[in-house]
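Below are two complexes that have chain A in common, paired first with chain B and then with chain C.
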Partner chain A sequence: MGLARYVVLRVVWAAVVSLVIVTATFVLMAAAPNPAIQEAATQAALEGGDPQQAVERERELRGLDEPLHVRYLDFLTSIYTLEWGWSDHRSQPVTEALVEGLYYTAQYSIPWTVLTVLIGPLVGVYSAANMYSWRDHAATAFAFFGYAIPNFFFGIVLLLLFGVWLDWIPVVYRTDVAVFSLENARQLALPVFVLVTGSIGAVMRVSRNESAEFRDATFMKTAKAKGVSPFRAYAYHVMRPTLVPLSTTLVSQLLAIFLGSSLLVEVVFGIPGLGRLTFEALVAQDTNLVLGATFVFTFVAVIGNLLEDIAFSVLDPRISYDDR
Partner chain B sequence: MRRRSKIGYGAGTRVDRRQWLSMLGAVGAAGLAGCSGDDGGSPETPDNGGGVRGLDGIEERPTVSGTYDTVTSASFTTLNPLYNTESGAGTAIGRALDQGYTFDADDEYVPLLYDMSTDDGEVWVFDVREGLTFSDPYGAVDAESFVYQIEELHQSDWALTANATDWTGVNVERTGKRQFQAELPEPQLLWPESFDPLEYPIPKGVLEPYVDDENVEGLRQDEELLELRFSGNLGAFVLDEWDRGAGTTYTRNDEYYIQDADNWSDLFSNAPYFEGASISVVEEQASRLGALETGEADSASVPPERFEEFDNDPDVSMLQIPQPFNRILSVNMRDNGWNAGPGNLFRYVAFRQAIATAIGTDDLIEGVYRGLAEPHHTWQPAWSRWYPGDDEVPFFGTGDRYGAGPARELATTAFDRSAFDYGFDGDRMVTPEGDQVTLDVYHSAGQETAQLIAEYAAQELDDNLGIELDVQAIDGVRFNNEFWTATPEGGTDTVAGESVRWDAPTPNNPGPRSVTSNEEWDMSLVFGLNTYPRNPLTNAAFFDGANARYNPVGYYPEFDAGGLFERARTAATEEELAAAFADVFVELAREQPYVMLAFGDSLTGYNPDLRGPIEDFANGWNAPGWHFAE
Partner chain C sequence: MTDEPLLRVEDLTTTFETDAGRLVAVDGIDFSVEAGETVCLVGESGSGKTVATESITRLIKEPPGHIEGTVRFEGRDLADCAEPELREIRGADVAHVFQNPQDALNHCYTVGWQIAEAIRIHEDVGRSEARARAIELLGRVGIATPGARIDDYPHQFSGGEKQRVMIAMALSTNPDLLVADEPTTALDVTVQAQILRLLDELKTEYGMGVLFITHDLGVVSEIADRIVVLYAGKVMERGSAADVFERPSHPYTRQLLGCLPGIGPPSAGGIPGTLPDPTDPPEGCRFAPRCEHAVEACFEGGQPEAVERSPGHRVSCIHYHDGYDESVLGEPPTRLGLADPKAEEDTRTGGDADDG
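Let's turn to the complex of A and B:
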């Protein structure tokens, strides 16, 4: 089986996974009480009306009196045509809300991801090349520090230090500055730094340990014997096999931080991104927006796994497509 | 026809959804806090402090400079004036769109968009100010701009606007190009104080398509309404952008009508005095305070534990603003309350008094609030004109009525009334089975002050009453949905020997004590309530009977609350009104329907160069004149 066929199959599989998730979501929603109906009953009660009548009217209005399969098909159609409804909590269409959130999240998460992917493996391989030297110890200490310190706390400390005491960066995040501007870089420097230190540790440690295995491999000895420079030897011969197991760590790490830490960092730095949007939607019981955000995270996870599988195959041609 | 009087009587007691929400005080969940900043009090003006003196004594016209930037903790759900019920969003709307009127620091009615007058409190005449205009193409603001929305939206059964029930039974009629009148079902001389007749101007042209189709979704989601594009010369600023997660930004409205308004002094002839304004949503408190400290924000709330630090900071001017939202310990008298054993001791007045006696309010205010709160003995702050006076109100938790001795004495009285054999075993309060009495108390998660109060109460109840408290944090929305409210069922119960029916049950009083919320709970500090010092008759919604509209705790008054509120409602003179209120508030202090703890002051830090803020509950009434010192 060739690479193209393998990729196509993986993409189809990803589509099936997303359909399963969407279906499961529909089943859960159909089984759960609808807060809008509860609200209609409450409103009717407050105004001296008949709550039961209000509930029936609301059910009819929202199409909940239709048979289940009709509702399911409607639901599927809406999901795949991106008609995700109205966010009551933000008074705007759900897709617009998500695009807005993604716009701000992307501004810090792209540089964060790029820096993590670049610096993590490089520092790891560098550590392995200088194993047990002071440079290795320094890099390890940095990695463990970033891994151990809670992003939320680290963010506040840095904000107080650089924002309040030194006054080098603004405390209130501004949305009216241009994306590619010095001002934006200044206000995003700290969130990116906090996230990079949080995610780089695991990447760096995995790449250090993996590359240590290959440091003394026979192909390295051959390369050295042939006079290959140390830089080329590590960049070509150690880095590539190291990246195979590392890609698993990278995707899972970045996803975990994307979901958890980015929310905390957004709260501390006042960035109106996807993490805060999702959290606020959950607290406000904004069903449409919670669903929309869940789909976004689900699709990010599905696509992340897809990319990971493809990366495996590209990085190590020995991995057979037939077994996968 | 005379202008509306400063002091009136006989106000209504209906409560609409907006007011329901406004009953929940600042200590409630942010998402639920209603128009809390706009309703309520008329404090005696205390001495100003912190170097900020308001606008008194400023004679020269200020120059326009800078931007007025503030920070807030929660984003806005909607800026649609017809559907907003949040105080934060109300402030955001208010920057760009005025409402009908306001009250100044002397509690005087101040007309903004319209003046109101009455002869008898039954027929009110509204005179719309001349020179008010919407943005193109909607033309001038006139009587129709208000009458149409009142008749076609607020009084309709489909639009479900925030002000819907304000106008129930009110006959509204246009009497001129810029005049209309409202005939009330019964006279209400405190009608403006109830804020029922407070409206935003909305162009008829925006509303008509939705009214024709009875399209409530369309009305809620209309972009012109959500982005206030019609605001014309009706607000101090023009809304530039509402970034849902980040906040709002505004630019100065050069055409602001108040510049030419007769009843506003020369000081306002070029208002507003900022080139722009912004409200930034910053959830993290440390970040908001950092913004205040660095000057990025011109105003921010400060927690009590940081008051002194900011008060000593020359770059911040701290104001201690009295307010009428209270801190109470709610005790659940319904069947799912008192989970320590059989029989619910909270139902006995003596036992609630025992709890109030066991919790020392002096130490609470000094220790938790650092002195930045007022004692709360009855359902009015001491600065209210309706406060009965210290001699009449029984105080608990201080002086002779504080400590283990008096608290245990009161508890023993309650034990004697109970059918179950509760008692003391040494220092411990024990159930009929001889087990330690253990109760839970909930407080809002993430609110340090609430947690400190809960822990302090736990310690005091342990020391003075031998009750063990299990302190638990909870999200405000979850507490509201699962603990505080219940599905309205109605029913009948015997109260003080008389049969009482719940004809109009609400989620906040779903029925007799047998009707309960989904989850069991004993005590709560999650919600505080408004005490309505400007129009105390509104408190009838809490207390005028076991079937009062807002009674989540299942309180059954043991005095003739309904009769006293009726006396207040029909009072012919201010003295009669004050006497009726005095009786109500003395009885409430005695019965402690909610164990009353304190009124925490609103602590706000301002840019020291800002002129305008005052230490008064009416702070902000003259905001168009605020400016930076040159």
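Let's turn to the complex of A and C:
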């Protein structure tokens, strides 16, 4: 079957992409001066020792005296075996720190992704079905508002309004509440809302415009002539072809928000997730942790693009798998 | 009740609200279809043929469309039917085949799914039974190895095969009236003949009335029992196929026939002029501005009262009214090339080219 072969090829390609990224990272790291070595030299000079000797000792200690290809293979092995080193700033292994961050990031990322995927296309197709009605105009206004307003700013405004003035939701994020609890839902409501607002706009617009095209297609007349009800016609004959171009927008929007805005939103709402972890690691110049977090984001992007391509091929029966 | 035709359309007027004003696509036309006969609506593009047929079961979007008149189908007036009632009739009793099979099938679903959908909307049958019937129908309309093709998507079919699929879908619920809107226009000539022959066979087999729209008089001569000639939303002439082909009476009909190769002067390069603006139709006869025989009276009042030349053969031209001389219209064009339509059909379809 062509599809299975295509998926396998696409997965292999994704693996190659990840290898390229890891290699590029290694090259950059090898070319850049290592702050730990500088520090050792400074330390030795301050203590009256020989800076040159200290540098050599430090290089030996960190394995930097090995030939480049050996260091590259070591680097590859450790990356792909998930041995991503020690985080000086968090005093724990990098992977452990990342898993902790992911735990909090997932708690709001999963809800907003699910909400965007469910609500966006539905509202978009509804808008197309009722084009230029006040509901359509309201949806359009909401879409552009969410698209235009910076997420972190919107988050601050909402926090001020609902957290400080109205006092409906807690201002300080608490990590000691259960994941599936009302308290957790309350403290995550705003970040989820902010991110849904940011991501759903493009999804709504694309679903609306794509389905507007299919709404007037001849096959909709065929459906009507067959006796298909308007609801069924939209649910099957419009929604299904709309999903093909929409899958692209959906994945890219979710990725863009996940990789960019979630960092800012975590800082605004004080969620100790991946975004804030990265931010703090940057400030503390914790190279290993920054590297690890970057890898996580990169791999998410690679996997997202992989899923997007596969979804596109599965959804559009006209795509041939053989000539790509 | 018994002498009521299968479909009788009376004084059908369909208008559209547009930015340029009220567009009158169909202006008070009448026609009827008996069970088992083929009625051809003939006219050039823009004459209102498609709008007229899509007004029958109200496929026209309202608004901007607006449909007035009586549409009696099997003793019911469809004009009085509410949307849910019409939905029962669409597909089940009145089925459509559209011009461009390329766009008329949804590219995201298999043909089997789309045929089964038509069946399951109107009948309480299970998935597997609907599928079995879809396979049977595909075979009936001439798709080879239907069991293997049922799960193929439309893009895996040729144009002619797609139209066969459309016909299979239309037949799936055994309709009483089949509306075929230029079903062969988008197809190759060899495939056209095959599809026409298939429709003719199925008409007899299913005992359906067929309302066939076309601007191709060659096609009309092969299949029509009766002909309705439309121009700019008005009926110019109607009658049996023999009446219209042997004694074409309206200047428009004569000029249309003159456009056929083998009929009329070899230099005939179509009818000069264009259709009138449908938002501002001319006074008098709609065809008058393009008619070489138009006199002053042709530009006054409404469309001339239809005159019955022989039973069932009616012409809307002032020159057949009392006090006018029809001989100014000259002799009708002769049917040089269409002396024996059946013989011609045999040569056209003789090869039975593979359209797969």
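FYI, the second predicted complex is superposed on the first by the 318 of 324 C-alpha atoms of A that agree within 3 Å, B and C clash if a C-alpha of one lies under 4 Å from a C-alpha of the other, contacts with A are read in each partner's own complex, and residues count from 1 in each chain.
Following the convention adopted for this analysis, contacts are C-beta pairs under 8 Å (C-beta built on N, C-alpha and C of every residue); 3 or more make two chains touch, one makes a residue touch a chain.
Because the structure is predicted, anything quoted here is derived from the model rather than measured.
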**OP:** Determine, under the contact definition given at the top, whether A:Val16 touches first (chain B), second (chain C), both, or neither.
**Re:** neither
Original post:
If you stack the two complexes on chain A, which partner ends up touching A:Leu159: first (chain B), second (chain C), both, or neither?
Top reply: first
**OP:** Could you say whether A:Thr222 touches chain B, chain C, both of them, or neither, answering first, second, both or neither?
**Re:** second
**OP:** Pick one for A:Met131: touches chain B only (first), chain C only (second), both, or neither.
**Re:** neither
**OP:** Identify the partner contact of A:Ala235: answer first if only chain B is touched, second if only chain C is, both if each is, neither if none is.
**Re:** neither
Original post:
Among the partners chain B and chain C, which is in contact with a greater number of residues of chain A?
Top reply: B
**OP:** Could you look at A:Thr175 and tell me whether it touches chain B, chain C, both or neither (first, second, both, neither)?
**Re:** first
**OP:** Identify the partner contact of A:Gln92: answer first if only chain B is touched, second if only chain C is, both if each is, neither if none is.
**Re:** first
Original post:
So, A:Pro317: does it touch chain B (first), chain C (second), both, or neither?
Top reply: second
Original post:
Mind pulling up the chain A residues that touch chain B in the complex?
Top reply: 41-43, 45-48, 51, 86, 88-92, 97, 100-101, 104, 156, 159-160, 163-164, 167, 170-173, 175-176, 267-270, 272-273, 276-277, 280, 283-285
Subject >> List of chain B residues in touch with chain A within their complex >> reply: 16-17, 20, 31, 69, 71, 75, 77-80, 160, 164-165, 217, 220-221, 226, 241, 243-246, 249, 280-284, 286-287, 290-291, 293-294, 296-297, 475, 477, 485, 487-488, 504-507
Original post:
Tell me, which parts of chain A touch chain C in their complex?
Top reply: 217-219, 221-229, 236-237, 240-241, 244, 315-318
Original post:
Where on chain C is chain A touching in the complex?
Top reply: 54, 57, 59, 87-92, 95-96, 98, 100, 103-110, 117-118, 121-122, 153, 155, 166, 169
